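In the part that follows, the structures are each spelled out as structure tokens.
Heads up, the next two complexes both have subunit A, just with different partners, subunit B and then subunit C.
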Partner chain A sequence: MDPVNVAVIVKMEPDFSEGNVSYNPDGTLNRAETKNILGPHSAIAVNAAFYAKIKHGAKISICTMGPPVAESMLQHSQLMSDADELYLYSDRIFAGADTLATAEVLKSGILKMQGKMDIVFSGHRASDGETGQTGPQTAWKLGMTFLGNVIDYEIDPESRTIRVKRLVRLQGIYDVVEEVEAPLPVFIAIDPSYKPKFNTVSQRLAYEKYQKEARQRSQDFKQYLKVLNAAQIEADPKLIGISGSPTIVYKVERIPKGKATRQAEIIDGSDQEQIRRIVAKMRQSLSTMVIK
Partner chain B sequence: MEKYDVAIIGGGSAGLAALKRLSTLGKQAVLFEAGEKIGSKNISGGILYSKKPKNGKTHNVEDIYENFLTDRPYERKITKYVLHATSKDKIFSIDLTAAHEYEANFGCSVLMSKLNQWFLQQAQETAEKQGGGVVSGVHVKDIRWEEGQTIVQTNELEEVAAKAIIAADGVNSEIAYMTGARQKFSPNQLYQGVKVVVKLPEEIMNERFSIGEDEGAAHLFAGDVTMDHIGGGFLYTNRDTLSVGAVYHLDSLLETPVEPYELVNTLLRNPMISDLIRDEVPVRGEIDKNLAKEEQMRIRFAVTKIIKTWTEMREAYYSKGERERLVREGKYSAPEEMEAQLSSIRDQMSTKYGMKFETDYVEAEYSAKLVPDGKRCRMEKPYFKNILFAGDAAGRGIFVGPRIEGLNVGIDDAVRAADAVARALDKNNFDENYLGQYYSQSVEESPYTHDLKSIDKDYLKIFLDAAKDVPKDIINSKYGMVVKMMSSKTLRNFAVGFANILGYEKILPIIETVETYVRVPTELAERLGKSVSSSYTPTIPSIAQRVAKLKFNDDSVSHIKVLKPTSEFMKKMTVLCPTRCYLMEKNGVMIQHEGCVECGTCAEETEWSHPRGEKGINYQFG
Partner chain C sequence: MTEGDYRHVYIIVEHEEGKLLQVSLEMIGEARRMLDDFNKRYSSKEKVVAVLLGYNIKDISRVLIQHGADAVICSDNPELRYVRNTIYTKTIFQIATDREIAAKIEPEYAIQFKRPRYMFFAADSIGRHLSSTVLAHLESGLASDINKLVVGDLQITHQNKTGGKPMTYEKTLEMYRPDFSGFLWTTILCLDNKNPAMQKDYHPQSCSIIPGVFDIIKPDPSRNGITIEYVPKFDAQDLRVRIIDRKIIKSEIDFDSHKTIVSFGRGIKDSPEQNIKMIEELASELDAQVGITLPLSKKPFSVSQAVDSTYLIPDRVIGTSGRKVSPKVYIAVGISGAMQHISGMRDSEFIVAINPDEDAPIKDECDVFIKGRMEDVVPILIEEIRKQKQVVQA
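What follows is the complex of A and B.
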């Protein structure tokens, strides 16, 4: 049985927590002064990868595209996940990349990683003006099955399949859980509500063990870090940086789950008849739903 | 279901010693601890002893943890041990250092949160090598036997099977209640301990207590500070904190209930103690109300920050180790630079923020727990099926004179339990008569069990010798004969022999009385004591303030259920709960579990369990 091989794409973001943000006099973000950290959504993706390590001893490779200072964020990711390899794709020609050009860099980088990836994780989106497109675009470029809004997953290393739970919206009802099975490899964009559950003693012991290893490793993280430029990952110059960016972001909206078509109806809880009616309605709408 | 060779329940000093020993013997063991992390639920007085008994051998802390004496995870070696009889401002002191040193390699002050963390570090690696380890934040809620397997059920994780279990889950052992291995301890078998940790910079402490860097002092108190209860007070020096506490027989507290914190407060207000704990404390100045709201806020914030900076820096400055470290690491060029900076911060505090410096004391943590009185409650058969009970769970606390021994006893038990389990694993035989009885026998042979059954005449003699100058007429007729004996050397020897013939059961009602703990010392102090005074009156926090300072992980569900809201016992809990969790309502007593420190005082008449994993009290000092 081959070991499970996972990669995570992460993003450095300004620290938006209180007291850490710095603004220019005109009210725009002062990027140079604001502390940079691992983005919160990326952190969840890192957590999700750590789960694979605890359950299956997976090998974890974490990568990002960014300036040299991003290495401290990779160090932090390693502390969180006991990552085996860290990759920083850094090159002046990456500057000005939009999501598509970023995806190209990440794709090239992932293809250069050791061994074939079984799962690539990404965050749901970034918090600093991103569109939630990098993940899906990277998946598309890698030719991997994309699974978004994943809140839980289990790998079967023998049959090389994965079962995931996704949070979806169905017939106007939010937060319906859909269960999907797919052959590996897959690309997973992890949902913000993902929380790894360690509910056996062996997982908890493995958790302790890997955490300790992670503390040691992240102390000399440079030993695990490779800083690569465009040539080293063999990225196509036409598809990266400004020249590979067909879009500019002018406005960001929440990642849509589709328009709400719900209509609220207020029920008087003390009225038996009203309650009965609403229960019947709930049954009716639930019966049309296919939930596994 | 996952299977492990041994499950250890409870990660106090006893459970951790069992884990260390088993792993060292090459056995696989998993330890379950309910607290969020190891050490978060454990408190002690406490002086940890290493013993050298005349007969037999104890397993001492430094035998189990080979780095104990070099790493020094303890606070200070106690080198001075004094008993004080109190009456108002009068104190009569008796030096009992000889009693403290009796049969001891050393006795050192400890804080459990730090010490248990260190124990964990020492045990973890070897445990992991054997495929075991520690899982914290996991509360064991049931054990059952099914098809030849022993199954451990927790609130948090999937069930596991184990071949043998070591229950080191403390004085309120749920494992003991649920299996029926023993009854809940009753109030006449228990002491209630309540403690506050007080801050005092290291070198100020050295000077005040006339102790060197690795020396320490223990002061014990009896007399009017007991508020007429059987028990007494203590003050131990830690490295840069003091432990001040009161330990009283629960029976005696139930008879004439008094708020546990009042018993501690009385100690703190005693002029001798007030004076020992005093420190320089910054007091915030008034903030000009006419300033803009934001400006007021900013000042308040800045003041908090500067107090913190000053306090931390002062603590470091008054610690030789810290001072040297900071200079070595280049933070300061020399100690003088620290001193200069410290005084400049101090100036800023008074000139810029209008702060004053007063003499007061600084309380860091309030805590409480029951202590088993092993003479009255030790489990004679500390096992049930393939479960072995160790430490407080088996009711093994020794009270001899003012000395409390629970930590060392628990470690010794744990080693014996671990050895018994290792032997059973080798033979794959976990029958009661192979495992349980073997352990029981080993515990029976422990010098500690001897101490729980009979009075050590040499030890008693030290006391009698120390008290030989006590005027005979102070002690009333009940002690007449004893006193007469005490005044003569030959008769002193005889008194000891006499005490042993009578044995503990007969002699306890004579010695453990209000007479011994209150009247005699009070009169001693009045007649022979020196007047002491304190230059200030300590500002003692209210119980609400103390609880507010503690860290809790709140659980919406209560871990305690009141069964008899109108019983006499429960009514007394409105007074005896150390954190005032019980309220008197129309229909009887009601609990507010949010402030519970899990001391166990109310366990007798409630459905009592520890909170679920990670929930409840989270001590920082212990």
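What follows is the complex of A and C.
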């Protein structure tokens, strides 16, 4: 039985947590002042890969496209997952890529990894760009079955198949949990609600063991890290960076304040008398419903 | 690009077992309005084309036509009963590049037809992923989460697209996308590379559209349209991906059965834990459900595990990235009023906002604006509600 081989694509994103995030006076993100971290959805994808290691001793390779400073984020990912290999795809020619051109880089990089991948994981979407397109587009370019919104998965290493549960929200109708079986390889975009469960004693022991190993490895993470440029991953220059991007950002503007839809009555928050009147009004609104 | 290679708007329709998702009709409505204007301006006769995949769905065609579609391309097949990404992507690709279908839609435009000019998907669990893979397959551009569309002839100077020279791009779709803060609008264009050094066409110009944004056209039973059946070609390998089970679940957060909703935003920031507890108390006095704004679901505050997992969760988000609500009473606590949030609650009957900043956009969207810090105002509010309840009971 071949060992399970998994890869994770991760993204460095602004840290939106209070105290780290900085907003401009107009309410927009101040990127210069905001720290960058491993994106929260990426972190969930890393957790999902770690689950494959604990259950099946999977080999984990983590990759990202980004500037040289992104290596500290890969170190953090290794600490979380005891990753065996780290890849940073870094080249000035990658700059300005839209999702299609980014997916091309990630595809080229993954094809260059040691051995064939059984599963590639990505996060649900980035907290800053929020398109959620890079994962599925990378999957398509790799020719892998794409499974999105995955909340749970189990691999059968013998039959080389996987069973996943997906959470599909059908707005205005209902939500569905769908169980899907697919032959490996597959590409999984992990849902934000994913939580790995380690039930058995042997799994918990494996958890301890790998965590210990992860701490050692991540102290020395550069030994596991390869920084590769466009030529080294043999990415087609026509399909990456600005040249490979069908879309451009034409303009960015402040969303104009719409016409006031309601004429608000303004009340001083310390005026108890007024608030009493508003509460009465609210109660009146609520009671008309009962009469209807 | 040669004028005439790209024609029509193709809309990927979403439904569940034949029940249409509202967003499908919203997309058709917007495409109808857009193309009516387009055809007048450019003296052309391009069509609104609905692409419908599923099983036992033929009845829906009529509904789509009544709501503004000129043509419906329908693939009715048991293998397409539920969405499986690979076979759906390939079927849509086949349909989008099929000249015989194009000939049935508008014979005059069929000879040159290569692909649709524009393509719309829904920005939801299904359309978000499907649009990504379809456009990866078509090797063209995609903008996500759009809430405004404009067609224009644009003068573009771009190092790469035009080789630094000004060039005109006709019939270009300006796709407006609100960013995560809700305060910025980014306009995305999908442009052919006209730079002679690296010519390449990028069509269709595509986007995913936020549900609930565009208006549905009033159905007109007398509207005419054609339905074209398409028999998809499947690869046997792709059918090995099987859906074994489907369970319908209800969201844990029920907004619809509450007459009052109390929502909070970043205004809780000075003491998040205590403030959320206070909002919880207010909500319980009013038998209200609790909602949050999108930024809060990104967990920007350190609070106890219990508060975090109860309140700072995507299921509670009200707005374009979450739920649309319309309760009798809506209380917005510490919410500035980003457009994304407003569009999720503006249909509420009576809206009260509590905010220290009189310039906050929420002021223009509420009936009563209580100016003050939530820490000061909410306790008074709770006290008054309790008093008035006692009066009634006495």
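Rule of thumb we're sticking to: the second predicted complex is superposed on the first by the 229 of 292 C-alpha atoms of A that agree within 3 Å, B and C clash if a C-alpha of one lies under 4 Å from a C-alpha of the other, contacts with A are read in each partner's own complex, and residues count from 1 in each chain.
Here is the rule we use: contacts are C-beta pairs under 8 Å (C-beta built on N, C-alpha and C of every residue); 3 or more make two chains touch, one makes a residue touch a chain.
Worth saying up front: this structure is predicted, and the values here are computed from it rather than measured.
Looking at the shared chain after the overlay, A:100 reaches subunit C, while subunit B stays out of its contact range. Contacts of A:236 after superposition: neither subunit B nor subunit C is touched. Touch criterion met: A:275 reaches subunit C, while subunit B stays clear of it. In the superposed model, A:169 lies in contact with subunit C only, and not with subunit B. In the superposition on chain A, A:204 contacts subunit B only, with no contact to subunit C. In the superposition on chain A, no contact is made by A:156 with either subunit B or subunit C.
Once chain A of one complex is fitted onto chain A of the other, the partner contacts of A:145 are limited to subunit C, with no touch recorded for subunit B. With both structures placed on the common chain, the touch criterion links A:213 to neither subunit B nor subunit C. Between subunit B and subunit C, more residues of subunit A are touched by C.
Overlap of the subunit B and subunit C interfaces on subunit A: none, as no residue is touched by both. If you check the complex, the residues on subunit C that touch subunit A are 14, 16, 19, 21-23, 82-86, 89, 124-126, 128-129, 131-133, 135-137, 139-145, 154, 158-161, 174, 178-191, 193, 198, 200, 202, 211, 238, 240-251, 259-260, 269, 272, 286, 295, 298-302, 314, 328-329, 336, 338-339, 346, 349-354, 356, 358, 361, 363-373, 376-377, 380-381, 384-385, 387-388. For subunit A in complex with subunit C, the residues that touch the partner chain are 16-18, 21, 23, 26-29, 40, 98-100, 103, 127-128, 130-133, 135-137, 139-141, 145-149, 163, 167-183, 189, 192-193, 238, 242-243, 245-255, 257-262, 264-270, 272, 275-276, 278-283, 285-286, 288-289. Remark: subunit B residues 2, 4, 30, 124, 128, 132-135, 138, 156-158, 160 touch subunit A in the complex. By the touch criterion given at the top, residues 199-202, 204-205, 208-209 of subunit A touch subunit B in their complex.
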